[in-house]
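Below: the structure, in structure tokens.
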Amino acid sequence: MGTSKVASMHDAVAALVRDGDTVAIEGFTHLISFSAGHEIIRQGRHDLTLARLTPDVIYDQMVAAGVARKIIFSWLGNPGVGGLNAIRRVTEGPSASLELEEYSHFGMVARYTAGAANLPFFPIRSYFETDLPVVNPLIRPIESPYGDGTVYAVPPLKPDVTIVHAQRADANGDTQAWGLLGCQKEAAFAAERVIVVVEELVEEAVIRADPNRTIIPGLIVDAVVVEPWGAHPSYVQGAYDRDNRFYIDWDPISRDPAATDAWLAEWVHGLGGRADYVEKLGAERLAGLRPSAPAPSGSVDYGEYR
Amino acid sequence: MTDPAAFTKSEMMIAAAARELAGQRVCFVGVGLPNIAVNLAKRTVAPDLELVYEAGVFGARPARLPLSIGDPTIVSGATAAMSMFELFAFYLQGGLVDVGFLGAAQIDRFGNINTTVIGDYANPSTRLPGSGGACEIAINARQIFVIMRQSKRSFVGKIDFRTSPGNLGGAANAERIRREQGWLGRGPSVVVTDLGIYHFDDDGEMRLDSLHPGATLEAVRDTIGWEPRISPDLAVTPAPTGPELELMRVELDPGGTYIR
Amino acid sequence: MGTSKVASMHDAVAALVRDGDTVAIEGFTHLISFSAGHEIIRQGRHDLTLARLTPDVIYDQMVAAGVARKIIFSWLGNPGVGGLNAIRRVTEGPSASLELEEYSHFGMVARYTAGAANLPFFPIRSYFETDLPVVNPLIRPIESPYGDGTVYAVPPLKPDVTIVHAQRADANGDTQAWGLLGCQKEAAFAAERVIVVVEELVEEAVIRADPNRTIIPGLIVDAVVVEPWGAHPSYVQGAYDRDNRFYIDWDPISRDPAATDAWLAEWVHGLGGRADYVEKLGAERLAGLRPSAPAPSGSVDYGEYR
Amino acid sequence: MTDPAAFTKSEMMIAAAARELAGQRVCFVGVGLPNIAVNLAKRTVAPDLELVYEAGVFGARPARLPLSIGDPTIVSGATAAMSMFELFAFYLQGGLVDVGFLGAAQIDRFGNINTTVIGDYANPSTRLPGSGGACEIAINARQIFVIMRQSKRSFVGKIDFRTSPGNLGGAANAERIRREQGWLGRGPSVVVTDLGIYHFDDDGEMRLDSLHPGATLEAVRDTIGWEPRISPDLAVTPAPTGPELELMRVELDPGGTYIR
């Protein structure tokens, strides 16, 4: 099937992420493509609208680096630690310069779903008697055509680029993931362009042996980037754990603009890419993030039918 | 080994919150304090409790306290891991969640919750995380449990932003609106703080039913933005037991993130 | 967790399927619970509303046996063979006695989805300029609240009972299936009661080793019936093939009311249950339906995190 | 071994339909004749064609001709197997399908299709299968291919029921409505019959562009319910090749269900 889509992160971002784009790096706590976020910073993209349920440390870094003009989100924090300080600096007080567009988690998931399904809106039973539709006029009531009341609608979200990290893909971009699946599938189908970053490149036969495990078909994928540890400090089910120390350490760094700049200089601008980053983190730190033991899924039989 | 005579206010709060889950079946676990309270309940009063994580997990059996609302330990050994669409649409909105367990930055006497901003929305003095799933949990879970520390800044006469609806302007008002709008949720039923346990009375207002050991009614009144209703049968919360403390200190929160 | 839900098909149907119920035996060509359909006939249920995208031979048999007053569907045929003759007899001509309520496939899927998600309607881009909304007034136009046009809505479908067949479940009812997944998940979540019929009862640990493979949690399951070959003459991915000869043979049988009655007497009323049916089919016929070779999915690693 | 000089009208029809798929990328495969035509195309002119089955499969590589629209052979070795919701919502309605390949019971000159009833809906003389996925395929696939045998009963001046919209009352009418309603589909582009190949002209009406070997214009006119437009450059369809016939007879339809 066609030619390989395997590319370096540099080339994938250079070709597919453009100034002014709406970019979604999705993955709910799991499989967050920090490596793509860093490359976007390194290439100096600007005026991006960044969409993500949980902006997390990666968008805090991207905002600190000046790539964003707006964030579309549903929960803005450093999970388990506190606030996102770089984002707070540009959203609190009279000099706020970063635009925020805010939903709930299900609202964001429903927005991607409407985008993926080419629907003009998606109805959900949420937002009743809250202030969210007051401050976000895109959350609108919609009456059931069956005369049984009103629910709320959210509009489709169609990113220019969606970037997801996964355990494995083949060279066509056929992608499989397990563990938490978040809304990567919906965000990818909703997007104009898709970059998949994987821990491991596998033969097409590995994918085709378990078609129910596929979350994204190569059909909608523009580039496959192979970068082990590309989701660090977030995690990859079965491969490595969340590096909680990183999330905790980010808090004091991000409170201090100078320290933040120094961190970006050292860990992003000062490195060529994820391979350098992995080397700099060091084998010992990485080894400590491996699962305590394997937990195999077991195999099921699809049968051959000739 | 663990001295039950010495415990922190946080330990009392978490133990009391966990005990409220006795007899419950399916609990949607919020980020932060709810996470440790629910995990403690699963190991004590409610071993059959089914844990639902908004990250897309049903029937989690975390081998350690999950570091956040998403963690590989909530997936390994779970009954089902699925897309967030499926979790929110079929489990939560579909009406399968008995208890939604939330934290809050601000709460009012009717259990309405703010986790969005302090101050004006467009120009906030503090930008809080926002709804996450809390807004739809409050509407669709059959009942809501809240765990949060008391202070004049958090227990307020009027919340700055309504992220998650509680009993709105009172029980009669809330019941009419829920019926008219077809909510599955019946609203908040418990608030557990570092000082005591509140349930909601017939007016839909918080009522202090139990005071934690060491806490006083003065301390309660000093940390609440309205004149609180106090049960005529005010109880004293039983102190955390040795096993509860042991579980919190050794297994769930050895780093002391929540229990200090 | 809790007590076992394992029951005989007799007891499951006796307890959970009631006269006048809306019953959905779902499974798109794959995993069709013929065995449950036969037990419903055997127990003489009547006035059922039968919902299914493709009524297939099983509903033809149930209609022939007189259990149904109405069918809700999207494609009414004997796939690859022709019509469903028992159903045609009671729907064509002036003496038509079976009520039909008709959608498209996506309309039916959307109806179950709205039922599962407790939505008052589901919007889809279908039905434009067709006669379907003309003859089915439950298919209604709905305007986008964003001023960008109109789509069609379908109402929720909430069966009283949904019955699905699957490869395996544990005694709690936690159910896993692979291959074509149809809309079993949506139909199960939409239902008031759920019966799961499986090829194999497995330990809970087998399910929990691969949580992404779970399609239905025991939480919503009322009974687990263990009946190998319970989906014959439809098929079970990895276990057995479709018995096409059965579908072809059904055509002349079903054209003749007397032959149909004789078939029901011999293969349904005359048998105690699926074990008898399997024995009557014979080992040779069944052996010919096994896959030509195994096709293992392979195992993935979830990792232990302590 | 296979004599290309002797072939049935069905074999010609299927081979001609398969060839129309050259250069196409993603094809949604309908039940019946489309199924064999698409599977032949995948083995001849369009090896990279991605087969989409409404049963919930993308990138099928059937090792044999699937017995119906759902079959275990379309799953084993496929790129992805998923819920029908995902297939219809994200692949079809999401705009990823280039060609929807349908059969029909009745068709009119503008490619509008009936697969629902012959006669009155409430009291039909023949109850047909109904839409299945055809209605949404016709609206959302970028273009529609149709394969069906000609007869006065099937090629009619007015269809009894519009299951799947074609060019409605003509091209101008259809283009305006598609634009106003935001359809992704541009409507029907090819109809292959047992007598010839039709495309749609600027008026949105079927035009005979190629006549199969052995077929005559008389036969065409005798089996069509309107005066058909004939291309001034009417071609003769190349006969099925030896390899095409071999594939149909030996691999795809050894029982002769479709090719007889």
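The first chain written gets the first letter, and so on, giving A, B, C and D; residue counts start at 1 in each chain.
Rule of thumb we're sticking to: contacts are C-beta pairs under 8 Å (C-beta built on N, C-alpha and C of every residue); 3 or more make two chains touch, one makes a residue touch a chain.
Because the structure is a prediction, the values reported are computed rather than measured.
**Q** If you tally the C-beta contacts, which comes out ahead, B-C or C-D?
**A** Between B-C and C-D, the larger count of C-beta pairs in contact belongs to C-D.
**Q** Computing the C-alpha centre of each chain, which chain sits at the greatest distance from chain A?
**A** Checked the centroid distances; the maximum from chain A is D.
**Q** How many angstrom lie between the CA centroids of chain B and chain C, rounded to a whole number?
**A** That pair's centroid distance is 40 Å.
**Q** For chain A and chain B, what's the span in angstrom between their mean Cα positions?
**A** 28
**Q** Using mean CA coordinates as chain centres, what's the chain B-chain D distance in Å?
**A** That gives a centre separation of 57 Å.
**Q** Residues of chain B touching 2+ other chains?
**A** Residues 57, 71-72, 75-77, 81-82, 89, 93, 140, 182, 184 of chain B each touch two or more of the other chains.
**Q** Residue numbers in chain A touching 2 or more other chains?
**A** 113, 118-120, 124-125, 148-149, 178-179, 181, 185-186, 209, 212, 237-238, 241, 291, 295, 302-306
**Q** Looking at the whole structure, which two-chain pairs count as touching?
**A** A-B, A-C, A-D, B-C, C-D
**Q** Looking at the complex, which residues from chain C come into contact with chain D?
**A** 28-30, 53-54, 73-77, 79-80, 83, 87-88, 91-94, 96, 102-106, 109-110, 113, 124-132, 135, 148-150, 178-183, 185-186, 235, 237-238, 241-242, 244, 291, 295
**Q** With touch defined as at the start, can you tell me which chain C residues reach chain B in the complex?
**A** Those residues of chain C that touch chain B are 1-2, 113, 116-120, 174, 185-186, 189, 207-209, 211-212, 214, 217-220, 302-306.
**Q** Residue numbers of chain D touching chain A in their complex, please.
**A** Listed in rising order, the residues are 26, 48, 50, 57-59, 61, 63-64, 71-73, 75-82, 86, 89-90, 93-96, 140, 182, 184.
**Q** Name, in rising order, each residue of chain B that touches chain A in their complex.
**A** On the chain B side, the touching residues are 31-32, 54-57, 67-72, 75-77, 81-85, 88-89, 92-93, 116, 121-136, 139-140, 161-165, 168, 177, 180-184, 257.
**Q** Would you mind writing out the residues of chain C in touch with chain A in their complex?
**A** Within the complex, chain C touches chain A at residues 118-125, 138, 140-142, 144-146, 148-149, 151, 153, 155, 167, 176, 178-179, 181, 206, 209-210, 212-213, 237-239, 241, 291-306.
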